[in-house]
Amino acid sequence: MEATTVKAKDTFSGGVHPADNKQLTAHKPTVTAAIPKRAIIPLSQHIGAPTKSIVVIGQEVKKGEKIGETAGFVSAPVHASVSGKVVALGNFPHILGMDIPAVVIESDGKDEWIGGLKENPGYLTLSPDELKKLVADAGIVGMGGATFPTHVKLSPPKEKPIDVVILNGAECEPYLTSDHRLMLEKSKEIVEGLKILMRILNVSKGYIGIESNKPDAIEAMTKAAAGSPEVKVWPVKVKYPQGAEKMLIKAIAGRTVPAGGLPMDVGVVVQNVGTAEAIYNAVRYGRPLVERYVTVTGRGVREPKNFLARIGTPFSQLIEEAGGLTDTAAKVISGGPMMGMSQYTLDVPVIKGTSGITVLPKNEVNTNSYGPCIRCGRCIDACPMKLQPSYLGLYIEKGHYEDAKAYNLMDCFECGSCTFVCPANRPMVHWVKKAKKELAKKKN
Amino acid sequence: MEAPALVQAKEQPKLIVSIGPHMHDEESTAKIMWTVSGALIPASLMSVYYFGMPAVMVILVCLVTSLLAEAGMQWLLKKPITLSDGSAFLTGLLLALNLPANAPLYIPFVGSVVAIMIAKHLFGGLGYNIFNPALVGRAFVLVSFAKIMTTFVAPVTTFMALDAKTTATPLVILKEEGIARLLEIYHTKAALYQDLFVGNRAGSLGETSVAALLLGAAFLLMKRYITWHVPIPFIATVGILTWIFGGHDGLMTGDPLLHMMSGGLILGAFFMATDYVTGPSVRSAQIVFGICAGALTVLIRLKGGYPEGVMFAILLMNCFAPLLDRAMRSRVFGKAEAKGVKK
Amino acid sequence: MKDILKITLPLVAIFVVAGIIMSVTYRYTYPVRYQAEKKEKEEALKEMAPDATDPIKVAGTWSADNKSYEYYQATAGGKPVEYIAETAGKGYSSFIKMLVSLSPDMKIREVKILDMNETPGLGDQVLEKSFLDQFKGKVLSQIVLIKGETKENIQAVSGATYSSRGVTNGVKAAVQLLVDKYGAGIKTAAQEVAK
Amino acid sequence: MWQHVLTIFIASALINNFVFSRYLGLCIFFGVTKRMETAVGMSFTFTAVMLIQAVLNWIIYTYVMVPYHLGFLKIVIFIGTVAAFVQAADTIMKKVAPALYYKLGIYLALIVTNCVILAVPLLNADENYGLFESMALALGSGLGFSLALIIMASIREKLELADVPKSFQGLPISFVLTGLIALAFLGFSGMITL
Amino acid sequence: MSNNVSLGTLFKNGIFGENPVFRLALSLCPAVAVTSGVKNGFLMGVAVLFVMTMTNVTVSLLRNFINPKVRIPSYVFITATWVTVIDLVMSAYQRTVYKEMGLYIMLIVAFAIILSRAEMFASKNKLLPSFVDGVGMGLGFLLALMLLGVFREFLGKGSFWGVQILPVKPLLIMIMPTGGFFAMGLMMGWLNWIDRKFFGGTGASSGGH
């Protein structure tokens, strides 16, 4: 994609500029992936309490039928993404790297929606509470990858009034283009979704933040939002991790989320553009979240593509549809290369938060061992949270977790910028994760 | 419950699993070290041009001893031997550039051994040393062999110069006999500046050619291997303070240009004060580091017993680097506001 | 009350005994130290003026750099054979204390460094005979430090200019003093040389 | 006169730094620099006590010991003064400023048998310094000592993470480190001749 | 420490196992300060040996006589007395050496090692063990100082006890303060290494008083 002529506005300090490689798929219109023969639908696709299965083996289900019931407020129901028969209940590989409970549905090929879906063209006249219930019932979670149940974000405590909603279309993660394509292809729906969000939160200011390296998306969204003066499309600087909530809020609203705080502390709610589209579908057509845009990319697949794929589609199927792995494919990542998670098996399914599958060939995989920290300070410059990752690394390496905590370990959101720039190849993110785990263990 | 193999890819490829990020910048420690070493090549060549064979010998002994000491120490400590990372090579080269050409060869030997074994490996090796190893090596031999280390030879133009004439460095002449004597030797200020710039003067190998050093420094700045935060405040402070206090006829009569181009300032400011390991890593602390090092240099040059203060200034600031880093830690994103909220 | 007594009495006893031990030691070591100090000085002076047969007497005190020093007259059979002055010069990191002896014709006979704390290896080269011997036979006007070759004057030790200057200045001050005091007849001669 | 006082002050803080060139107070220096807070607390306490001791002992030395020729008892008398002072300070602080006592009290106990404190009056007596010179020496030494403690503490925090060879961990490497700092401090030498 | 430890063990402990300088890391100041030459180290060691022994003996003799409430001041006073004695003697008979290290001789009074032996050992033991302990500790100190002195004087001046052995001064830095710290650090590290390697020890105390 051509470098942009769109003028980007404010940004944060720090950050890195990895090669984005988005040209692999950015111009490719989305294709609908085949309905998976067997959809593996994990019962936990979000942050919070896992759902409880409400189906039994052999049960016939329709597309959109609820198969996992919420087990708490911070939770989101799970729905069947295909129509067919439940053939297995058990632990299956999950992108987090472990086996967790999932429902396997064998498709009957009919792809029938469940009956009783209520279409509602006058959705904007519904009350905020009704809208929120629709969102909650549709099992919508943050689709940028955080997978935080959306209705929870939409229920801020009274003492924290919200006055700004931001849609996150920054897509700063290299390689991924699913949000980009979504913005081009479903711009109207996204704007409508934003309006619904604004209505739920009773907010009059809505922004759509897009990195300025996607001028076509900016144009499409601006066009879609033309009739809605309350919605503004906001180009932001191209820099990783511009799409992180706190960084985006800084760039667009000019507000700084306090350390350890949440966006709502400064009156902001951020949602992914994909989430907005899902919300629109849920509210307008009553359809639960059963499919999403997934980019399958990287030089490890033969034909990188953008897919509209059902939740539960195994990675192996999407990769096959993208021409299959190349001979040198060495690493399959769920998500982008910065924050995504590498997979040991292709049996893992697409879940609600899967924005892409990146396959790296051997020569792009860094297998060097790490060396001692030479204190070059690159990580300090790169850290968007203004932490000192070098010190975090040194402390954690030696097992001084408490000292790491004193160096603001808990403010790290593991964007990987430090590890990306480290000349000594030190695995800071790995250590931060480890330290957080150890500290949590100590607490219990 | 066992997971039945319901879905199976045609063949499961062997996949590499690791924790992200899965992309990496092209930089590496070795690349940085070798590039910095490379940036010192012009200065090394100039020193060979001016001091001939003895300079070659000093450089060679430093490099060989440093590498051997590194390998030996790592072998002794049962650590992997990492000569290829270039850090020992760089230390050796920097040390060589800090020695006079006429130094008997045991001096580069002792200096390198001290630099690598004591200043570097006793403290845990690369990344952990508190003081710049090359400067420790130099300070050690300076104190141990004070006389030899403060005797310099004039540049020669024949390669195999064996009995070069000893002479004082411009800074020593300036300190002990005043600017008038310097002008007597060089006739005009312009000629003096020119000789300083090109490197036609007595001094340590790397002290001589400002032009060659600046060339290397510009390359490193361009590659962003070093930043302006340390060297520019360092040199500027020296310039300003020597202008104010450096003159014999009262305040504001000093010659900043002369001071900025003399001694090891350019070498020290761009290549040694910028050492990642022994300097502060927070940007604001780096500026303070540079200013303080500059002030200490001037203090030692004008008031101290030694004619040249760059080495001591950097070593002294090395002591303070952890303190500076600690005191000037950047404020975490959103930290100040967090305090406000609590109130 | 009884307790306090119990604590105090032994303490007082210890104090008294300790006081006695220290006093006795002092009583017996003080003269030794005094004698040693005196002897040291005498020997040093004696070395400076080997021709003197009479005991060397303090002729007066003078001061330089706010510190006071003594000067002496050495005689043999009542006739002055040597004038000696204590002096000091500000060196690199310390005051260099010296003895300077002049023959009756106001030429330097000997310079001896008593005490100094200059940088080892650098400043302490002024202790070397080759440097100090330069002073021998020089008159006041010749005591000028030169960097570089010289026979007429004093050549600084290369690399130890500060310390060399300290010694030279100290010697010069002492010679000046002795010339002022005793060199009435010679002074003019010296001045002529200077011309 | 004042210039001399200033000279003594600077010389005792930097050039003749107690730790780096007079080798005094090493036990404390190595003992309390493992943590920054203790180093800072120690610095305050020591500087204050050194200053007070210098004045107190100067008075005793000048008005009692010199007139009565008791110079040879200076060791006993000085250490007695220090001990008495520390005892008194301990008692008074506990009553008057318990918060301060809680913070600095632990360091007070270390003072009685500490060469840094005792060295100040001994040096003053040796040099026959006047009151202001004595105070300059005490203050300069105190601040120089504090500087040494704080630098050392900050470096040791960094060193704690280093892969120091096993045999050198702890005291040996601290000694080498101190040697290197002393080497750097040589840069100050020659600035002032006392 | 109980009385059933044999005197020989006690003696050996002072010199090796609990060497005040290298093992207990006590009283380090003079170890660096006066060891630029063997002779200085030796004389300092002798002074400490004397004070150590005499203090131990005195405290042991008076242990039933001193009220525990005032024991620390008393011990300090006793130490100060013996330091004064050795100070006066040294200043009279060793003029040149005294000029260099007089201050450190006076500061023996503030040595933690002496007070701690008085408090921990002599005040609880009979005369003979206290004496042996004092001599052992003092000798340990003396040996440590001499070891450092030999090392530093040889490297720094190329001589031994003032007698020039080498024609040159190999590493002048070793007789300077910097070198003192280096020597001490390297020596300690080396002894630790020997201890770990051959005796399975854990190295010296990590510092303190």
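By written order: A, B, C, D and E. Residues from 1 in each chain.
Definition applied: a contact is a pair of C-beta atoms (placed from the backbone, for glycine too) under 8 Å apart; a residue touches a chain by one contact, two chains touch by 3 or more.
Here the structure is a predicted model, which means the values were calculated and not measured.
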Of all the other chains, whose mean CA position lies farthest from subunit D? A
Would you say C-D or B-D is joined by more C-beta pairs in contact? B-D
What chain lies closest to the overall centre, CA atoms only? B
Distance between the CA centroids of subunit C and subunit D (whole Å) is 33
Go ahead and note the Å separation of the Cα centroids belonging to subunit A and subunit D. 60
Whole-Å gap between the CA centroids of subunit D and subunit E: 21
Roughly how many whole angstrom separate the Cα centroids of subunit C and subunit E? 35
Can you list every residue of subunit E that touches 2 or more other chains, as numbers and ranges? 77, 81, 84, 88, 172-173, 176, 178, 182, 189
Residues in subunit A with touches to at least two other chains are numbered 372
Hunt down the residues of subunit C that sit against at least two other chains at once, touch-wise. 18, 22, 26, 30, 92-93, 119-121, 162
Name the touching chain pairs, would you? A-B, A-D, B-C, B-D, B-E, C-D, C-E, D-E
Interface residues, subunit B side, partner subunit E - complex: 110, 118, 122, 140, 143-146
For the complex, give me every residue of subunit D touching subunit A. 160-161, 163
Spell out the residues on subunit B that touch subunit A in their complex, using ranges where they run on. 1-4, 6-10, 12-25, 27-29, 31-32, 82, 85, 87, 124-128, 276-277, 279, 281-283, 329-335, 337-338, 340-341
Within the complex, subunit D is touched by subunit E residues 25-30, 32-33, 72-73, 76-77, 80-81, 83-84, 87-88, 102-103, 106-107, 109-112, 115, 173, 176-182, 184-186, 188-190, 192-193, 196, 203-209
Residue numbers of subunit D touching subunit C in their complex, please. 72-73, 76, 189-190, 193-194
